[in-house]
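First subunit A sits with subunit B, and in the next complex the same chain sits with subunit C.
Here is the complex of A and B:
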């Protein structure tokens, strides 16, 4: 009978609904507290920050290709990554050509983030990023492997026919007429190729574009270990992994980067640096603590029950 | 000479493969291409059964051969070298041709992939319209699905057209019905529901971790310890506190610094986790190569033969 169970046996079989309720309450409550949790950025995130902010690696005013391959399913991680990335690019006047290969929803999701960061800039009386002048949306390409091969072979031909409407005009023009892509004809012409992804597209890109252009990746926690393979081999210059990576990026944006033997990298102190990453970081902590506690309780109860027998 | 595939420039004024947008010529070409496609399909269906397999095998072989040649053939010095400045030897010519043809062939595969979307829509419509017509189990849900699909497509296209006609900035300012409808359906419903659905995974992970992470064997204990360190390393506050504590004992003590949480987690990640994943990836790569060869050469078994 259920009532004959000892406390140790009961603790080994906590009802899943209890765990679900605990998780829901803890995650929700944590989101109400705005706490800047301390971070210790890892080397992959530091390298990414250096690549994006260092004027030698990415000169101000240059154009990067930004491949956005995430949707709301990975919002917890990818949205924060995209926001932090866009904040850096816009503050440094880096132009970007946006494209997606993973999901038809991805370009629209990315456009929404650009709009949100633009609103943030508008509220601070900063210059808004303009389509055509500062960025172009190349849209969705439905085949990651084929598109990556085409980009590697000939970027101009791969995205030929894509149009964007300049501000104040109703006539869409070829994206290569825009200031963003005016000087780009091959992928080697961009100083950095950036991929924000919730799937395997970073691997597909590296396998086909590796060695042609410095590559940066902002990936989900699940894709992190796989991407680190390419980081260790030097094919990816910098990686931000998951929510932890976002919080580290935001921390670096606030405090800057100083590493022994390397020139310091500027901070963006005084700007809005702590965003979605830090907003979710406390919840990540509390949820992980809950998981650790649950695992420990289960194991302690198991050992205690065995000893009693 | 009529340009053929790779020789067709990226933005030509006119060639046999394109025409200015919106002109009758482009629609005639689209019509001819569709008729040719359907004709080809009809011919394949009408072909004797014993010939179908060799025809499919030939198509697959030619399609695969292109990428095999791209991978194995010597690469050109720079595929964007102007035609009149290119070396003229056979090997160079072929390598330039292959490099030039990659975007064209990739576009073919992109278009084929896009057809899968159309096929999916057709299949979904057919199944759910049938279910509604026959009033099968849960048929009201099929109506919801069909209405949602049509509404999303309608507002999506309307918004896109409005943005094209007015310009994106003006649409954001005026916020017409098209933008409102698209925003409500896409951002207000689909995106939120997608985020909510995927967040459910957290609940299953917690429940699974609680039940599965038990120290029943040495291997399970090692796994649990590694997972615990990985989880602790994801918590910046814990890392800063732990590492700060170790550093307070002596930052210059190299041996002691091995016990910082970031060092221990880094060791596990760099020397155990990543090489393990690399090994799995090698295995997957070899498996994919073997499977690719079988598909390319049409060696796979069909229909239980």
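Here is the complex of A and C:
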């Protein structure tokens, strides 16, 4: 009978719905506290920040290819990564060519983030990023492997036919007429190829474009450990992993980067640096604490129940 | 409908969908099924639109039919050979025919052939640099300092670095030895290595699992942020307060 159960047995049989509710309540309550949790950025994120902000690695006004392969399903991690990345690119006047290979929804989601960051800039009386002048949307390319191969073989042919409408015009023009891609004819012409991904498209890019162009990846926590192998071997120059990576990026944007033996990298102090990463960071910690407590309680209860028998 | 109401209606629909899909945590029901099917329908519909609008039109149709000169765009002659892609693509849909499904194997075979042909180069581009970076020095070249200084001499290998490299080598060999299943080994050293390799793999899997848990929690936190901060705090409460 249920009433005969000891406290230890009851603890082992907590209904999953109780745990789900507890988790949601703890996460939600944590979200209302605006706390900047201190973080010590790891080397992969530091290298990513240096790659994006250091003028030698990425000169102001240059063009990067930004492959955005995420949708709402990984918004928790990828949106924060995309926002932090766009803030850096826009503050440094880096032009970007946007494309997606993972999901037909990805270009729309990426355009929404660009719009949101533009609104943030407009509210601060900063220059809004203009399509055509500052960025072009190359659109969706199905088949990640085929597209990556085509880009490696001939970037101009791979994206031939893609058009964008300049501001004040109604006629879409070839993207290679835009200031963004005017000096780009092959993938080696861009100083950095950036992939914000909610899937394994970063691996596909490494396979197909490896060695041709410095590669930076902003990946989910699921892909993080795998991507670190490529970072260790130098195939990826910098990585931000999951929400932790976003919080580290935001922290670096606020404080800058100083490493021994390397030139310091500027901060963006005074700007909006802390965003989605730091907004979620406390909640992530409280959720992890709950999980650890649940694991410990479950195991202690199991041992205690066995001893009773 | 007033245009200022549109953002809050949009957010409300998002919240309803979130609640509908999360209701599966309680139990699977028709309520959950409704939202699941709605999501699938929307995703499929959007995919068809995006495939034509963002991909097929510019990459295939426009190249096939060409275009006349207009403001800023030169005339582009059409290239009729692109038409041959249509029957090859249509063949794939014969997979639903019981009688003619063999036809679908033709485009699948083409894709598999192209994919297989790339694999040697792809494999080496992916793993070659990793194998190269695994070749680490195991003997120090300087004893001037034990721990690698903040500004090391160019090309120098310090003793602490060698210890790190030895740990790496031990991990690499132990983990690889675990996967040698083809023959029985009686060597105590080798069996010890495979056991150690298994432990190291488990530690690695634990780290991967931890990172995966971080993702799952973040996705849930993001939904809670959407419902309680973006909808209630930033959307609904100011709207009610404003009126």
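Criterion: the second predicted complex is superposed on the first by the 309 of 309 C-alpha atoms of A that agree within 3 Å, B and C clash if a C-alpha of one lies under 4 Å from a C-alpha of the other, contacts with A are read in each partner's own complex, and residues count from 1 in each chain.
One rule holds in what follows: a residue touches a chain if its C-beta (ideal position, glycine included) is under 8 Å from a C-beta of that chain, and two chains touch if they have at least 3 such contacts.
Only a predicted model underlies this, so the values are computations on that prediction, with no experimental measurement involved.
S.K.: Superposed on subunit A, are subunit B and subunit C clashing or fitting side by side?
M.R.: Superposition check on subunit A flags a clash between subunit B and subunit C.
S.K.: For A:185 in the superposed arrangement: first (subunit B), second (subunit C), both or neither?
M.R.: first
S.K.: Is A:77 in contact with subunit B, with subunit C, with both, or with neither (first, second, both, neither)?
M.R.: A:77: touches subunit C, not subunit B.
S.K.: Just to be sure I read the superposition right, which of the two partners does A:93 touch: subunit B = first, subunit C = second, or both, or neither?
M.R.: A:93 sits against neither subunit B nor subunit C.
S.K.: Looking at the overlay, what does A:244 touch: subunit B (first), subunit C (second), both, or neither?
M.R.: both
S.K.: Taking the superposition as given, does A:168 touch the first partner, subunit B, the second, subunit C, both, or neither?
M.R.: Touch status of A:168: first partner only.
S.K.: Between subunit B (first) and subunit C (second), which does A:291 come into contact with in this model arrangement: first, second, both, or neither?
M.R.: both
S.K.: Please indicate which partner A:37 is in contact with in the superposed arrangement: first for subunit B, second for subunit C, both, or neither.
M.R.: In the superposition, A:37 touches subunit B alone.
S.K.: So in the superposed three-chain picture, is A:6 touching just subunit B, just subunit C, both, or none of them (first/second/both/neither)?
M.R.: Neither: A:6 stays clear of subunit B and subunit C.
S.K.: With the two complexes superposed on chain A, say which partner A:150 touches: subunit B (first), subunit C (second), both, or neither.
M.R.: In the superposed model, A:150 contacts subunit B only, not subunit C.
S.K.: Have a look at 26-34, 62-70, 152-160 or 188-196 and say which bit of subunit C overlaps subunit B after the superposition.
M.R.: The answer is stretch 62-70.
S.K.: Which residues would you name on subunit A as touching subunit B in one complex and subunit C in the other?
M.R.: The overlap between the subunit B and subunit C interfaces on subunit A comprises residues 16, 20, 23-24, 27, 73-76, 104-105, 108, 141-142, 145-146, 149, 160-161, 169, 174, 221, 225, 229, 232, 242, 244, 284, 287-288, 291.
S.K.: Which subunit B residues qualify as touching subunit A in the complex?
M.R.: Touch list, subunit B to subunit A: 10-11, 70, 79-80, 99-100, 102-107, 109-110, 112-114, 116-117, 163-169, 172, 186-187, 190-192, 194-195, 197-199, 202-203, 205-207, 209-211, 213-216, 224, 228, 231-232, 234-240, 243, 262, 266, 269-270, 273-274, 277-278, 281.
S.K.: Which residues of subunit A touch subunit C in their complex?
M.R.: For this pair, the touching residues of subunit A are 16-17, 20, 23-24, 27-28, 31-32, 73-77, 79, 104-105, 107-108, 139-142, 145-146, 149, 160-163, 169, 171, 173-174, 177, 203, 206-208, 210-211, 220-222, 224-225, 229-230, 232-235, 241-244, 260-261, 279-280, 283-284, 287-288, 291.
S.K.: Per the contact definition, I'd like the list of subunit A residues that touch subunit B in the complex.
M.R.: Listed in rising order, the residues of subunit A that touch subunit B are 14, 16, 19-20, 23-24, 27, 37-40, 42, 71-76, 104-105, 108-109, 112, 115, 130-131, 141-143, 145-147, 149-150, 152-154, 156-158, 160-161, 165, 167-170, 172, 174, 185-186, 221, 225-226, 228-229, 232, 242, 244, 247-248, 251, 281, 284-285, 287-292, 294-295, 297-299, 302-303.
S.K.: Could you please specify the touching residues of subunit C with respect to subunit A in the complex?
M.R.: 25-26, 43, 46-47, 49-51, 54-55, 58-59, 62-63, 70-73, 114-115, 118, 122-123, 125-126, 129-130, 132-133, 150-151, 204, 207-208, 211-215, 217-225, 228-229
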